[in-house]
Amino acid sequence: MTTTPPDTGTTAPGTSVTSSELLSVVASRELAARRAVFAGIGLPTLATELARLTVAPEIEVVYESGVCGAHPSHLPETIADAVLISGAEAVLSMPALFGYVLQGGHIDVGFLGAAQIDRWGNLNTSVIGDWERPEVRLPGSGGAVEVMAGSREVFVVMRRHNPRSFTEFLDFCTTPGPDRALAEGIRPRGAGVTRVITELGVLAREGVGDQLRLVATHPGVTVDQVRAATGWELAVTDRVATVPPPTAAELRLLREDVDPGRVYLR
Amino acid sequence: MTTTPPDTGTTAPGTSVTSSELLSVVASRELAARRAVFAGIGLPTLATELARLTVAPEIEVVYESGVCGAHPSHLPETIADAVLISGAEAVLSMPALFGYVLQGGHIDVGFLGAAQIDRWGNLNTSVIGDWERPEVRLPGSGGAVEVMAGSREVFVVMRRHNPRSFTEFLDFCTTPGPDRALAEGIRPRGAGVTRVITELGVLAREGVGDQLRLVATHPGVTVDQVRAATGWELAVTDRVATVPPPTAAELRLLREDVDPGRVYLR
Amino acid sequence: MERTDTAAGAGVVMSMREAVASFVHDGATVSLEGFTHLVPTAAGHEIIRQGRRDLTVVRMTADIVVDQMIAAGCVSRLVSSFVGNSSAGSLGELRRRIERADPAPLAFEEYSHYGMVCRYLAGAQRLPFYPLRSYGGSDLPGVNSDLRTVTSPYPGPDGEPERIYVVPPVNPDVTIVHAQRADRRGNTQLWGLTGVQAEAVYAADKAIVVVEEVVADAVVRSDPNRTLIPAHAVDAVVVCPRGAHPSFAQGYYDRDNAFYRAWSHISKDPERLREWLREWVYGTEDHAAYVDKLGEEFWAGLAVGEALSEPVDYGRRL
Amino acid sequence: MERTDTAAGAGVVMSMREAVASFVHDGATVSLEGFTHLVPTAAGHEIIRQGRRDLTVVRMTADIVVDQMIAAGCVSRLVSSFVGNSSAGSLGELRRRIERADPAPLAFEEYSHYGMVCRYLAGAQRLPFYPLRSYGGSDLPGVNSDLRTVTSPYPGPDGEPERIYVVPPVNPDVTIVHAQRADRRGNTQLWGLTGVQAEAVYAADKAIVVVEEVVADAVVRSDPNRTLIPAHAVDAVVVCPRGAHPSFAQGYYDRDNAFYRAWSHISKDPERLREWLREWVYGTEDHAAYVDKLGEEFWAGLAVGEALSEPVDYGRRL
């Protein structure tokens, strides 16, 4: 494969765009008009904070640690960072966070990551290899099973787009989308994964019964490149768009207001 | 019936003993070595506070409102009285109070009252007459069903001992003892009602499978008087004791320390 | 990183009149919670003023405000676990309705307190049912067909399958609670008895929070653990001082025990009850008028002294 | 009516050594909770020093302290929903055990976070199971036979019977949590992230609360809503300042992020890990010695500034 991801070579502000900047900007745009977002730390932090300054001024970020409406004095390093707690609007217990907020249906968009994803948006964060004696033991679900089950829709941001991560068959399905739940006769709440944002482009999925389709590529990336980087026979929308590159305004906000210390803007 | 309850004629302190004083003192003695007590307001307040000063110095009273370890500045008028909250050691939400404390098994003795009780210690607080169109609509369970189901044992204090209240057949069983639960195949936690303290004496019950038996009468009350006042064929222990009358020390504590304003010492 | 607040226009502060008109509709299921403490009385009175009909009222302790709403003809069904005037006596209108269908019947779903708590828990968690160790042997399941059992898929202590009662979720169209304070976006802080208010709000489709006062954002954010109801669960914030009378607001005013005792007498006589409603509810434009009518001398009698909590330190990064 | 306190002898304050010796036995099921915040590390270290064996450790986020306990040979079974070094990398010992049974196998029961929360909820409420809307379609039930389903006795939204997953209760022999403060009888107040600590304590047969400080009764009683764990649920109160390091105690000291990053490297090398245990756990008599060994300059780096909560008024009767 000879794919060259767009402009990832340098991190000098103002010149070219890093992978983190690109993914954050694209993810932030997808949050337009969304309100309650469940997010981890890292790229989702950048995306949600940029969205607050651009397309989603009323966004409320809910963290797995129980924090709602954080007003941190510094960029948080973990979802439990003390700076997320001091000055927050509410801090909830785990039973309230998972039971009332997530399962109760108060989250519009949940951000998840994964080691593996399949065409239905099912995710693996448990093991590479066999569960009983894995090649690599990964951290496991955390709250991912609940984020998928409870959020109206789920966004996945994956830095690396390759056939090992975008796989026909998961080594293990930790976090099932609604199609797998329905197949077992369990009623799901949300649509499952509706957006996957990668270094190559954007995949989208409507909801139950639909599979991920390539809807846009970054400038300079071809559909064939994405097909080659995907471990299943990739569905492609009729008119694949080109993702508009980050604007100067977006980059300035991201670099100067959201993460001036470049903690996550690697 | 010609029963004369003992010495209920006058409330003058230091001379004779009122019905409230008698019932409070007898109930307080039954709390010896008990620790966590679930109590309402009124006679249970007097009994638990007197017990704290006599036989159960480490008693902790838990109120249905969620208060644990109250240190009230004034005698409380309801289980939710503001004076129970200010200065308390803990105030719990309803899910915690009922779920973790009561159903979780942290209560040694629960106090309950009732309009009707039967020989197995089942209680009615819902209706006199038919449930659909009752002669008298009573308040209902409140938390009584849970106090019975969750406490290790239950004490009932009833001012009036007569065949309408001590009945062969309840008009409605709001709050079942463990025998009725078992008959339905539901596993109960506690022993159910183990003590009934009335103006005539004390009935006791060991637990599952046992029925209430008369174990003691107040001075001057005969076994036949109690039989006549009870709506079922009353079981009587081999040697019915005479309840020792309140001591001067007990009465002094009750009148001078527990309820000097005679709020409940009617 | 300190963010700009959302525009003031995104706030949800509104008058009681507007909140009730917007969220309490004829035929709705309305939860009013507050366990003796912080009873949302003023909201009940506004529902009466607006003449709502055919409501299903869900309330653990159906007390004075429920008796008043029933008497005003707002309520056709009651879901409750305690129907009495606290420890002060009876609810006259409720008893007439249930005992004699006078002047009209009232459908009544009877639970125990924890049964109601579990219905709210199931509602807040969007569960199909909630299990509890109550009701075995009770006559309540015989008159309430929503009390059912399931068999646990795990063996019981004796190795045999174990049956347990369950209750269904309650998801009110609107829940109304009273609290001491909130910020203008609805982050709500209450203390003292907190009852089942958070669960009742999360269980509902819409939620109205009535508060003694709206405070500056900084006050709420100085103690985020005190926020039991986050803004994301709140649709309307109504500022209504003394709106819990005759119940109390810890730290703000005490309970009007005399009125509780009086209600047993007032409500015993249907004409006296209706006269009371005419004078104190229909005859007052809003709760502020009700408060004024009671008079400052009256309120001085319910005043409480100060007992401040010791602050805790949330810390800040140096 | 102000009562005399119970005799001081009724208190449950004891040393960490005594608490672990009294309540943590070989073969026991031990819950250690604290979600990134207030991790009971010092208790884990004392369990290592006392050489406990064959423990079942229950912890939502199995992190550094669990990796250390596994490496020290204390743990034969782990029940968890996240086995990683926070966001800082891997747990070397845990991975060797699971991936290669090196130097010994580790039994692992895998859940999701809410699955664990629900196990504690069921445990605290002494329920036979707890329902949750997770796991439909997951491979987890295939490797964890305790994830089962029940059918609701109420019809689902489509009128058909509805199936839902359930988890069984967990009732640890002992739960250990860390908190900011308690009174001498165990009324425990914590703030900031409060996680699942109250539920884990109520679920347990015995509970040890480790605190930064024991405070005067009057401090706790000035704010009873802050008491998340009442004394009746606590068996031992252990005073152990900085006992949550390398995690943090909101308002007391910050998280040692450098140590989290370092642990991924330390734990990757079995010999280096064992050397670390020799120096920092076996080589320190107790947590006070560990704190001293780190030195005042180190602790100054984790110091936080003050950010006090605004007090609330509980009121007093005049």
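The chains carry the letters A, B, C and D, assigned in the order they are written, with residues numbered from 1 in each.
Here, a residue touches a chain if its C-beta (ideal position, glycine included) is under 8 Å from a C-beta of that chain, and two chains touch if they have at least 3 such contacts.
Note that the structure is a prediction, hence the values are computed from the model and not measured.
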Both-way neighbours, i.e. chains that touch chain D and touch chain B: C
From chain A, the most remote chain by mean C-alpha position: B
Chain pair with the higher count of C-beta pairs in contact (A-C, B-C): B-C
CA centroid of chain B to CA centroid of chain C, Å: 29
Chain centre separation in whole Å, for chain D relative to chain C (CA means): 35
Chain A-chain B separation of Cα centroids, rounded to whole Å: 59
Intercentroid distance (Cα basis), chain C paired with chain A, Å: 39
Sequence positions of chain A contacting 2 or more other chains: 67, 82, 85-87, 91, 99, 103, 189
Residues of chain D engaged with two or more neighbouring chains: 121, 126-127, 132-133, 149, 156, 162, 164, 191-192, 194, 198-199, 222, 225, 250, 254, 304, 307, 314-317
Pairwise touch network: line, ring, star, complete, or other: other
Chains grouped in pairs wherever the two touch, ordered by label: A-C, A-D, B-C, B-D, C-D
Residue numbers on chain C that touch chain D, as the complex places them: 126-133, 146, 148-154, 156, 162, 164, 166, 168, 180, 189, 191-192, 194, 219, 222-223, 225-226, 250-252, 254, 303-318
Parts of chain B lying in touch with chain C, wherever the complex brings them together: 41-42, 64-67, 77-82, 85-87, 91, 93-95, 98-99, 102-103, 122, 126, 131-146, 149-150, 170, 172-189
Contact set on chain A toward chain C in their complex: 35-36, 49, 52, 57-58, 60, 62, 67-69, 71-75, 82-83, 85-92, 96, 99-101, 103-106, 189, 258
In the complex with chain B, residue positions of chain D that touch it: 1-4, 6-7, 10, 121, 124-127, 183, 185, 187, 198-199, 202, 217, 220-222, 224-225, 227, 230-233, 314-317
Touching residues (chain side chain D, partner chain A) in the complex: 35-37, 60-61, 80-84, 86-87, 94-95, 98-101, 110-115, 117, 121, 132-140, 143, 149, 156-157, 162-165, 191-196, 198-199, 248, 250, 254-255, 257, 304, 307
